[in-house]
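Common to both upcoming complexes is subunit A, partnered first by subunit B, then by subunit C.
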Partner chain A sequence: MKSATTAPGDVTSFSLGLALPLGLAFAIFFVLPLAQLFYLSLHNDTAATVWGLGQYIKFLTDPFSLAVLGSTLLLGAEVTLACLVLGYPIAWLYQRSGSRVQTLIIMIVLLPLLTSVVVRTFAWIVILGRQGIINSVLQSLGLIGTPLRMIYTQGGLIAALAQVQMPLMVLPLITAIGRIDPNLSDASASLGAGSWRTFVKVMLPLSMPGIIAGCTLTYAAAITAFITQSLVGGGQMLFMPMYLYQQASTLQNWPFAAAISIIFLFAVLAIVALFSTLGRRARGYGDAR
Partner chain B sequence: MSRRQNNLEALSFQIVMTVIAVLALILIVSPSLVVVIVSFTSGFSLKFPPPGYSTRWYVELWNAWQLQFAARNSVVVALWSTGLSVVLGVAAALAISRSKTLTAKLLDSLFMSPLVLPALAFGLAALMFFSLIGLPVSLLTLVIGHTIVCVPYVVRNTVAALAQLEPTLLESSAILGASRLYTFRRIVLPLIRPGIISGAFIAFMSSFDNVPVSLFLRDAATDMLPIRMWQDLEGKLDVTIAALSSVLIIATVALMAIMERTTGLSKRLTG
Partner chain C sequence: MMLDRRRLLTSALTLGAMHAFPGMSLAQARPLVFATFTGSWEEAHKAVLVPAFRKANADAAIVLDPMLSVDQIAKVNAAKANPPIDVMLHDPGPALVAIGQDLVDPFPADKSAYFKDLIPEAQDAMGPAPFFQVVGLTYNPETVKTPPTSWADLWKPEFKGKVGITNLNSTLGTGWLVEIARMRGGSEANVDEGFKALEELKPNLAAVAANPGALATLFQQGQIDISPGNFNAIQILKARGVPVEFVAPKEGAIAFKTTIHIVKNSPNKELAFKLIEAALSPEVQTTLMNSPYLIVPTNTKVAMSGEIAKVLAKDTAELKKKFVFQDWKKINEQRASWIEKFNRDIKI
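Here is the complex of A and B:
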């Protein structure tokens, strides 16, 4: 397709100048603020007069800050794993269903994606609370005497985050599984491989691009989910977004908050880069077959 | 392996996968259902199942002026951000989608980057930037911030729609003597409209629901709904929030149904 270049008189493409307004808006209101954030993080005092790496050294030598970073990254991994284990069968079921059931599944999966995150989180407070469903069912069955404490626990937080972020995992998986040639599974079966073996040896590797894409989105969303972390996690557990917010808003320590943002930003970018490297490998693997 | 064993094995696989899938789907839906049910409680707590049913918390919601004020602000900001996102985003999508140059590729990555970067870091950066240039926080700063984080949805959906557009259609139109503007209005726009609408829909929803940017760019005079709800929930567990939540859930389901009818949203999101 030679006609796809921007040669004069070419009617199939549009002038690159059309991107100018949005490009300018991004330069002023996106790139400049982030550059200023970076600039501020390189100062040792709150008035931003003394240059230095003090804020980064403070973060990286403080066991408390490092523990916050560590538990945030761990939380993301746990939520991503939960989403993958629960989300893959949904995508599998979707590809085997008729079109009516398919629409129903998509609507169910999309619902949390489009409902307000505060509403979704609030629902989990109702479910996990002292007088919530789980406690009242367990109590009426006589299994427990006093209500269990589930809200403000790591387990409760993972369940809530997994539900909130599930669509981000399921949608790319549906796309990826849909692209797998169904003849491959049949071939595997006729060559004598059982369903489980076909799943592990054929389906999982071929859907790897979708798995990687889903994991990237879920992970990035789970570690930045400020509202869910603060409402279901409670004050006992501190994660990077809340840490950043406290330093910026409550303590007005902007340079340190800026440094936390930059460290958090690079942590997220490193994870995304790691996943996309894995994704490229997986795609090569898939193509090779 | 005998045929019988093989069948058993296949059956075990299907049962395990189906059971997990159904449980996961129930897990996804049940929180929304629980909220709708609990919002009709006659009691003062979020006890489930409710001791009795009434619409008292909806009456309460009718009088909750703080929530209504925040909701109005959220709608106004979401409408402006969506409008700006569509104008800027569609133009940019037209420019980058049919170009193979490096500039176009770089612009594409730039316009998509708000989706990956932690929005909270951008919120803080925007607050610092606006205070540096002396622009006080207002609905205007909120609209600017929201537009930056919402425009990627419009760009992505429009680019996807343009990718399916046959270049020969544009050539035929030109050969038949149509001007470029006429071709755009009569050929391009109608064909990419569903893509633009679904991008705008997602942009609107994500602006209405935005927390990380609003958190830094709003104040008491420009209260935003998700932040108001969050702060109410931090203080006490108010059943009024359940009534509001169930109103929002029902509105979302209705909007989704309309979008599915008009643009085939589900097919668009699964590629």
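Here is the complex of A and C:
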């Protein structure tokens, strides 16, 4: 067994010391402002002079605000699912390919990360637009008479977000699948399991840590993707980041915006906690020999 | 409580800054910082306003720090006692917020050589308006053969699925809603008719963009053929070869004042005043009116020419006839509830 228990004392003291600079920066530039944000959210009026839980009550009792939160969390789930379904085969293929194809795949996966999100998002406007690539191809093939409306729709947004966030799903999957001993699937096959059964019983559980990591990253990135959400989703599709921006910037209602961010933060934390609980269970799976 | 958020921020930032830069409290002199807007505004100011200011003021040091109005307000708010900005530029809504939060000094109009030459709407004691932004109808001349003449044309059945608007986050979106309400008997205090009109516009709506910039790009994609639009933004698109035209509707084009303000507690008040003077001067305004900037002047001594004379107004008298101004004090009072209503009701 490789679960080594060699002198943990020395190792941890080292890593703590090395983590100190980042830890300090984290405390000053993240924890402190976060505390300030929380402090601000505990005020009932815009000028932040009256204490109270008014902003939270306002959000949590307002069906509209809750619907915005719900649709944001749902959007994340849809994008994550799309990324998983589309990304898993790529990661799988990567592990089964020769080194030349592997380089090609990694290039294709990483390439989007090398251009800015704004550029990638604008590309999607060009693809999905009324005179965009998809519509003009479908029209020239005679499949549709009038152009389809794809931009500023939920479907278009999910497609764009899935592409933009795809590397975050594929990279952890490649790592996780790469750690699986290829002999295991051969063994499963020689014991009489079909390829589907091998996948469900052997590969899927063993790649679970990668799936969980990929899902967590994709989910967090998709629900907070302000730029893509507003450019491809448009101005009438309201998600939490835009809601927050609207309250903070246009309306200068900082306490309510602060409350929205705290609520959003906790909703996301809950989802991430769910993922990591699943992950811990999956790790039990993976280590079982 | 005595410890409100601004004071807390200010003291935290000051303490932090004093530790980081111990010499700062001694060395007060810094260049004049002018927070202009990003994009074409920055280009225009860098090319015209800054050289004119430096020429008139013995090459005084000046820094352009382009950012959105709301960011200017946040930055000044965070360090009221020692603001990092000397001159702010604002749309009408944010200008009132900045004034309301006591961030700006009154403009010393009696010292100014040009203030009295501005059209009356631009003579604001808290900060004059050196430029206008004009909102009218934008259309694609390749698909819209008869140019529209009225806001009401947006509701024509022939534009089914072709109309674009922005949400109310932008000055453009809010101002336009008020104008639509006015067209149907409403006012800055009552935009119910505007919302009713929006409801009727839904079959025609192809897109509700998140901001005016995103709206403009939809013309490029053929996603929309007609929309309310900002004169300057359209000129930029046109210059890049996008098929768009601007017309002032017969109800009047909406004019927003872009006001310029001296920040309270600025260490460079004299230079800040001089910069504003330069922005109000007929020389700078004339240059900025011409191609490629096409910024609408507010100084009555500026003779209109070029594209602006052709499309908007030949002189100040016609300008005042063709432009409508809005009462943003009234608009700001209810803007929050309108945004909320828009969030809830406008789904396409």
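Odds and ends about this structure:
We take it that the second predicted complex is superposed on the first by the 262 of 289 C-alpha atoms of A that agree within 3 Å, B and C clash if a C-alpha of one lies under 4 Å from a C-alpha of the other, contacts with A are read in each partner's own complex, and residues count from 1 in each chain.
We adopt the following convention: a residue touches a chain if its C-beta (ideal position, glycine included) is under 8 Å from a C-beta of that chain, and two chains touch if they have at least 3 such contacts.
Quantities reported herein were computed from a predicted structural model and do not represent experimental measurements.
Partners subunit B and subunit C clash in the overlay (superposition on subunit A). Once the two complexes are laid over each other on the shared chain, residue contacts for A:Leu238 go to subunit C alone; subunit B is not touched. Comparing subunit B with subunit C, more residues of subunit A are touched by B. Once chain A of one complex is fitted onto chain A of the other, the partner contacts of A:Gly132 extend to both subunit B and subunit C.
Once the two complexes are overlaid on the shared chain, A:Ser230 sits against subunit B and subunit C alike. Once chain A of one complex is fitted onto chain A of the other, the partner contacts of A:Trp124 are limited to subunit B, with no touch recorded for subunit C. In the superposed model, A:Leu191 makes contact with neither subunit B nor subunit C.
Contact with both subunit B and subunit C is seen for A:Trp254 once the two complexes are overlaid on the shared chain. After overlaying the two complexes on the shared chain, residue contacts for A:Leu143 are found with neither subunit B nor subunit C.
Once the two complexes are laid over each other on the shared chain, residue contacts for A:Ile151 go to subunit C alone; subunit B is not touched. Contacts of A:Gln36 after superposition on the shared chain: both subunit B and subunit C are touched. With the shared chain A as the reference for superposition, subunit B clashes with subunit C in the stretch 207-215, and the other listed options (135-143, 153-161, 207-215 or 333-341) are free of clashes. The contact surfaces that subunit B and subunit C form on subunit A in the two complexes overlap at residues 36, 40, 122, 125-126, 129, 131-132, 230-231, 245, 249, 254.
Taken together, the subunit C residues at the contact with subunit A in this complex read 1, 4-5, 8-9, 68, 70, 73, 97, 161, 166-169, 173, 206-211, 214, 217-218, 221-223, 335-336, 339-340, 343-344, 346-348.
Of all residues in subunit A, those touching subunit C in their complex are 36, 39-40, 43, 47-49, 51, 64, 122, 125-126, 129-132, 149, 151-152, 230-231, 233-236, 238, 242-243, 245-246, 249-254.
The touching residues of subunit A, when paired with subunit B in their complex, are 1, 3-6, 11-19, 21-23, 25-26, 29-34, 36-37, 40, 85-87, 89-90, 92-93, 102-103, 105-112, 114-120, 122-127, 129, 131-133, 136, 162-163, 166, 171, 174-175, 178, 192, 194-196, 199, 220, 223-224, 226-227, 230-231, 241, 244-245, 248-249, 254, 257-258, 261-262, 264-265, 268-269, 272. On the subunit B side of its complex with subunit A, the touching residues are 1, 6, 9-10, 12-14, 16-18, 20-25, 27-32, 34-35, 38, 45-49, 87-89, 91-92, 94-96, 98-101, 103-104, 107, 110-111, 113-114, 116-122, 124-129, 132, 144-145, 147-148, 151, 155, 167, 170-171, 173-174, 180, 183, 202, 205, 208-209, 211-212, 215-216, 225-226, 229-230, 233-234, 237, 241-242, 245, 248-249, 252-253, 255-256, 260, 265-266, 269-271.
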